[in-house]
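Chain nomenclature is as follows: A, B, C and D, assigned in order of appearance, with residue numbering initiated at 1 for each chain independently.
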Amino acid sequence: MESLIGLLVAAPLLGALVLLTGGRRLDRAGHWLGTALAATSFVLAVVLFFDLLGRADGDRTLHQHLFSWVPVAGFQADIAFQLDQLSMTFVLLITGVGSLIHLYSVGYMEHDPRRRRFFGYLNLFLAAMLLLVLADNYLLLYAGWEGVGLASYLLIGFWQDRPRAATAAKKAFIVNRVGDIGLSIAIMLMFTTFGTFAFGPVLSSAAETGEGTLTAIGLMLLLAACGKSAQVPLQSWLGDAMEGPTPVSALIHAATMVTAGVYLVVRSGAIFNAAPDAQTVVIVVGAVTLVFGAIVGCAKDDIKKALAGSTMSQIGYMMLAAGLGPIGYAFAIMHLVTHGFFKAGLFLGAGSVMHGMNDEVDMRKYGGLRKYMPVTFITFGLAYLAIIGFPYLSGFFSKDEIIYAGFAKGGTQGWILGSVMLLGAALTAYYMTRIMLLTFFGEKRWQPDAHGHEPHPHESPATMTIPMIVLAIGSVGAGFAFNLNESFAHWLEPVTGLAHGDSPVGHGTVSLAATAVMVIGVGAAYLQYGRRPAPVVAPAGSFVTRAARRDLLQDDFNHAAFVTPGTYLTRGLVYVDHKLVDGVVNGLAAAFGGLSGRLRRVQNGYARSYAVSMFGGAAVLIAVTLLMRAV
Amino acid sequence: MNALTTLGTLAAETSTSTGESVQFWILAPIAVAGGLGTVLMRRAVYSALCLAGTMIILALFYLANGAYFLGVVQIVVYTGAVMMLFLFVLMLVGVSAADSLKETLKGQRWLAALLGLGLGTLLIAGIGQAAGGSFTGLGQANAGGNVQGLASLLFTRYVVAFEVTGILLTIAAVGATMLTHRERIERIKSQREQSVDRIKNATHIPPLPAPGVYARHNGVDIPGLLPDGTPSELSVNATLRGRGQIREVHREALRDLTALEQRTATYHGQRRQQGIDGGTDGASVGAGNGTEDERGDAGEESR
Amino acid sequence: MSPDNYLYLAALLFTLGACGVLLRRNAIVVFMCIELMLNAANLALVAFSRMHGNLDGQILAFFVMVVAAAEVVVGLAIIVMLYRSRHSASVDDASLMKL
Amino acid sequence: MSFPLLTATALAPAIGAVATAAVPAARRTAAKWTALGFSVVTVVFAAAVLLRFDTGPGADRYQLTESLTWIRDFGVTYELGVDGIGVAMIGLTAILIPFLIGAGWNDADPKEGETPQGRRWRPTQGFFALILLVEAMVIMSFAATDIFLFYIFFEAMLIPMYFLIGGFGDRAGSGDEAGQARQRSYAAVKFLLYNLAGGLVMLAAVIGLWVATNDQLGSGTFSLAAIADAKAAGELTFGTGTERWLFLGFFFAFAIKAPLWPLHTWLPNAMGESTAPVAVLITAVVDKVGTFAMLRFCLGLFPEASNWATPAVIVLSLVSIVYGALLALGQRDMKRLIAYASISHFGFIVLGIFAMTSQGHSGATLYMVNHGIATAALMLVAGFLISRRGSRLIADYGGVQKTAPVLAGTFLVGGLATLSLPGLGPFVSEFLVLVGTFSRYKAAGIIATVGIVLAALYVLVLYQRTMTGPVKPGLEKLPDLRMRELAVVAPLIALLIFLGVYPKPVTDIVNPAVEHTLSDVNKTDPQPNVTVTEAEGASHE
């Protein structure tokens, strides 16, 4: 069985290699090959899953040690995999959603000349992501971590001839790199502290380590998580990442990659448990992002950016839950999975809408689409209900559990967290409803685009609708299934541990409150957008709105804080290097040149003046000898 | 010869005799004067002669110091051969090529003077320091005869050096011939051929005009005059021309001519007044000669 | 008188020769001055040999003469060449050693 | 004495150089093939060295040794021998050269409309002969275990390099031929003077060393082995002052060669003006001699002084890392950008060397190899691009990826290797260096990580400006990589991936040598402060 783990990663990796180096002859069948390989690894994942189910709770951890990667004295890094419940969950999510989105892309990218390469990149992403979640040590995880970064870079910038896409891709990679510093420093700290960075020994011996070190490691890990999961303060790239093709946004920037940060935190739970300060910071980051993303989501008119904001805020939920420790880990992952379903579904829906609307992304130019694309409408609607936490859909369960856990943190902290999350829930309901109304309800507001093409909204082909349907089913049913006598939490318990804090408010109350705020949010949105037709051109709006449209000025801040000074610094240094460092050298050279220029005047070529110096020399010699004798 | 022996006896003694000192004090200033002359004379020939003089005096000093062989060699080889070589070269290069003593290099003269003084004083100071009053004469060294003594040394201790210098001399001789030898590219033309192509390209077909061939001058360095009185370069030897050693005398010659004509004219005037004596013939003949001469000259040129 | 005077004379002549070398431009004259210096040296050598009472000084002087002769031969040949090529025997005209 | 394998390895390219130079002017292609052939022969010999090298426990430190007396009076011997580090470097050199020759296949041909000036005028032959000559000298300096011998080749290398830089410019004929020539000769002279200055100081140190040994051992020696024995026997002990001066003398030369800030300014000129293969030759092969020599001579001969100088050197290397990266960001000229990137990387290498940990040393050695290959890939592709457009300015490019996707792809891979992406060789080495540094000097390690971000920045900015976006006018007809060019780049990339995924072969060779070096400077790795309980650490079975 263990040997299958390697195959999980190998299949898509093979696909990537073949598709990227294969050349044009693969153009016709390439996409099917990619999809097939993705499906293969999904099948393998299912097989392994049932194998794990077949085992006893205790030994549901498989290891596969392929070969020693970097053996240097004390520093032993291996290419080795570890499959336990946590990674199993991710593997299923990744391969499952991944395969669906491959299928979807077959239709979505049909007319793109570089479709083969697109699938190559998708496979590459799958391989890297699987490596990330299957690695049994932090260094290998780091490899996968950067691998998904690369894949997302390639996919965001897939339409490279669009300058904005290229810029967005670069931005994403750079910001992630900043996060990666955290991960690498964390690994170095682990190495210096434990002499290893394999999950097993590190996590098992985390407890008997000084809290200071652990806090440092935890914060560094958090930094990495912020980069990858677009948490404040490293969130700025996610919005721009929507430049990429929509399937990419669905797979990478909604369902899987952006949740890697949560995986990292949960995986390193042992460390965080022993470092409460770090946990607090995690919680804060989560809470801030939660609200931040929600606000941004409320203001955007670009449907994908709005969804991106929502992603941010949902991951904020997960992060917060992960920060809560054992009482939150399981639910963080649970919400992660359900979110994977409905957010992927939402994105695919959005993609299908754009597909029908000549890639128009401005929601204000949609309207009344439910008549034209019913399947999209229904699937999108179900996912919508799921995300706003409509009772007994998946979002309802996972989110409520998290909110409950927040209260369960206890004390004022608990109250603060709970209320913040409730506010978040309200905002979620508001912006999702807004999207829903602007897109599918009301009158049609689209006009011919620049080329005078009147968009003809139509339902997408089966390759696109089928995944949407599957995901819709998932987003409806997953939460319920998971929550049956906490099956999901118990499944994860051996890895993450499970605890029930003492909540001041009961379960029912929390659910009730959540539903209430949800209703409020929906109502508010309906009042604003449902009753009267929305203006095609966005109104100026208040300062807050304008700020939110600009992602709450995050880019402006980054620009002012880093980009501009950096540019000036480099310019200055170039000048210094040329004028100062080089100038000294050149000056020296010039000085010598001048000196020799003077000296060569002596060589005037007249034999007689040479004779003069000769006799002079003789005279001096005689004088010296005489002096010598005299002395 | 007896002079030599007396000098020898002088040298044999361990302190110089008054005779020698007298000789020294007479000859030394002359030697120095010769040296000065060598340095300061404008014409190279004079420098050479001065040098020769100095050398002869030095030869005498050698003799006085008991170096008979060297003294003789000095006179025969140095003064006789080397200096003559110098004079030959001077002749080749131009006897009267007197270089102006005007200094071209800036400050050269001052430096030279300074160095001269410095060097001189230093040397003299050095000698003064080293001077040890008494000295052993060449008595027993020259006992078997100076030449024999030299020979025995030369062919025993210094034989290698001697051979080497021999080789050096040979090389020098060969080198000198190599340097001065000029490779002839084409055969020397015979007189016949020369005249032939003189005719061919019609350049002074007749023999060149003779130099200075007119009244009261016949030096080779004086050009003949054309009828209009201007000198004819052709009439002077090419070498002299090359060295610019043509004596430009035609002006006063012309002046003399006009004076002569003047005189004849006046003489004729008197003759007309007096109308006696046949001296006119001679005069007329002379004048006729002169004119005849000029005509011939002019004729040569024009032809 | 003491034979040192010969040495003084030699020094004087040598200096004169040196000055000549520095001052004169006519290569031949320069040459003569060099000869003068050599002769001065010879005089000193002869005087030395007399002082020390052996003939080595004279031998040396003899060699000096020989070498001087060789040198003169070659040198004068060079001068003649020089004169042929550039119709002047001035050492200043041959100032091509300048870079 | 067995077959002199090392001599043969060095001799092969030398003979090749002569043979290539001897090819008549008209037979240009023949010359190219000759050069290629001999470089391949060298690879074979290097492979033999690799195989014959015994990495087992208890193997000698220096193997394949050869020893002949040379100048007895000065104790100069012809001593060759390699430790693991030397083997790695020789391997790198031997492997790179054929690709450089392949890449520079047409670089030295007479330009269009340029008529051969006479029978003796044969730039092509000269170009390849010089490259082979450099290879021979580099291999010798990697193999020499006699300090004087090393010094000779260390210096002699400059001569062919000088001609390579000054004599063969880019085809980037941007009109102003004369200006280019001036720039080129300036660069060549600058390169020469810098390195000569270093060499001079080193010579002084070499003589000083000889004097020191002469005073204490009675007979001066340059042989590493002899000195090591004498030290071990306690017969040879440098005074603190002496040792420091000698160390500084050697280090100065190596720091110029390496190049370390602030002695770096010759590199951008040299790499900017010379053709791409020569630029690679400079930074990937020749400069490595500097860092290699730091490991073998500075640390090996003057351990105390090395420890004494460590703080200063670490600061310098940190400055190099950040400074080089920032300047790379500021460049307008592709090749200069890569040059500054190299400066940053050399900072990493030196950092690893002076971290004095086994990770640091192995990392540095690996880094030398990886950086060589990565820079080769990036620079050569850049060279292909430049030769197509005839300009080195980044601003002249854009959207290349649309017209020449393969070129863009390879360029990107090269770039990713430069920013040390996991899965490609440089990542392993860079991380080892970082860990090695961090485990001894926390702050230094953290500052060095900044280099990671900056590297990503300059690489991706370069890629974005040149390859993405709308196609710049004048590039519509840009041809994609040709067969020859692909044949040059593809193996390099494969090599990068292999070294990234399975560097074990290299580390196995390097590790023993590293242990020796560490014991030279009598340092041991800092131990983790928590002893891990291998509870369920069933991570490897």
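One rule holds in what follows: a contact is a pair of C-beta atoms (placed from the backbone, for glycine too) under 8 Å apart; a residue touches a chain by one contact, two chains touch by 3 or more.
Chain labels with UniProt names: A = NADH-quinone oxidoreductase subunit L; B = NADH-quinone oxidoreductase subunit J; C = NADH-quinone oxidoreductase subunit K; D = NADH-quinone oxidoreductase subunit M.
None of these values were measured; they are calculated from a predicted model.
Novice: Any idea whether B-C or A-B has more C-beta pairs in contact?
Specialist: Answer to which pair has more contacts is B-C.
Novice: What whole-Å value do you get for the distance between chain B and chain C if each is reduced to the mean of its CA atoms?
Specialist: Centres of chain B and chain C (C-alpha means) sit 19 Å apart.
Novice: Nearest whole angstrom, what separates the Cα centre of chain B from the Cα centre of chain D?
Specialist: Measuring from centre to centre gives 75 Å for this pair.
Novice: Could you give the separation in Å between the centres of chain A and chain B, each centre being the mean of its C-alpha atoms?
Specialist: 107
Novice: Averaging over Cα atoms per chain, report the distance between chain A and chain C in Å.
Specialist: Comparing mean C-alpha positions, chain C is 96 Å from chain A.
Novice: Could you list the positions in chain A whose residues touch two or more of the other chains?
Specialist: As it turns out, chain A has residues touching two or more other chains at 604, 606, 608, 612, 615.
Novice: Counting only residues that touch at least two other chains, what does the list for chain C look like?
Specialist: Within chain C, the residues that touch at least two other chains are 18, 22, 25, 92.
Novice: Could you check chain B for residues that touch two or more other chains and list them?
Specialist: Residues 105, 108, 111-112, 115, 119, 123 of chain B touch two or more partner chains.
Novice: Just spell out which pairs of chains touch, all of them.
Specialist: Touching chain pairs, listed by label, are A-B, A-C, A-D, B-C.
Novice: Report the residues of chain C in contact with chain B in the complex, numbered from low to high.
Specialist: Interface residues on chain C, with respect to chain B: 1-9, 11-20, 22-26, 28-29, 31-33, 35-36, 39, 42-43, 46-47, 49-56, 58-59, 61-63, 65-74, 76-81, 83-84, 87, 89-90, 92.
Novice: Looking at the complex, which residues from chain A come into contact with chain D?
Specialist: Checking each residue of chain A against chain D gives 20, 63, 65, 67-75, 78-80, 82, 136-137, 139, 142-147, 150, 153, 157, 160-163, 165-167, 170, 173-174, 177-178, 180-181, 184-185, 187-189, 191-196, 198-202, 204-205, 208-209, 566, 569-571, 573-574, 577, 581-582, 585, 589.
Novice: If we count contacts the way the header does, which residues on chain A are in touch with chain C in the complex?
Specialist: So the residues of chain A in touch with chain C come to 600, 603-608, 610-612, 615.
Novice: Given the complex with chain A, which residues does chain D contribute to the contact?
Specialist: 190, 193-194, 262, 264-265, 323, 326-327, 329-331, 358-359, 362-363, 399, 401-402, 409, 416, 421-423, 427-428, 431-432, 434-435, 438-439, 442, 445-446, 449-450, 452-453, 456-457, 460-461, 464, 467-471, 501-504, 507-508, 511, 514-515, 525-541
Novice: Which stretch or stretches of chain A touch chain B in the complex?
Specialist: That would be residues 604, 606, 608-609, 612, 615-616, 618-619, 622-623, 625-626, 629-630 of chain A.
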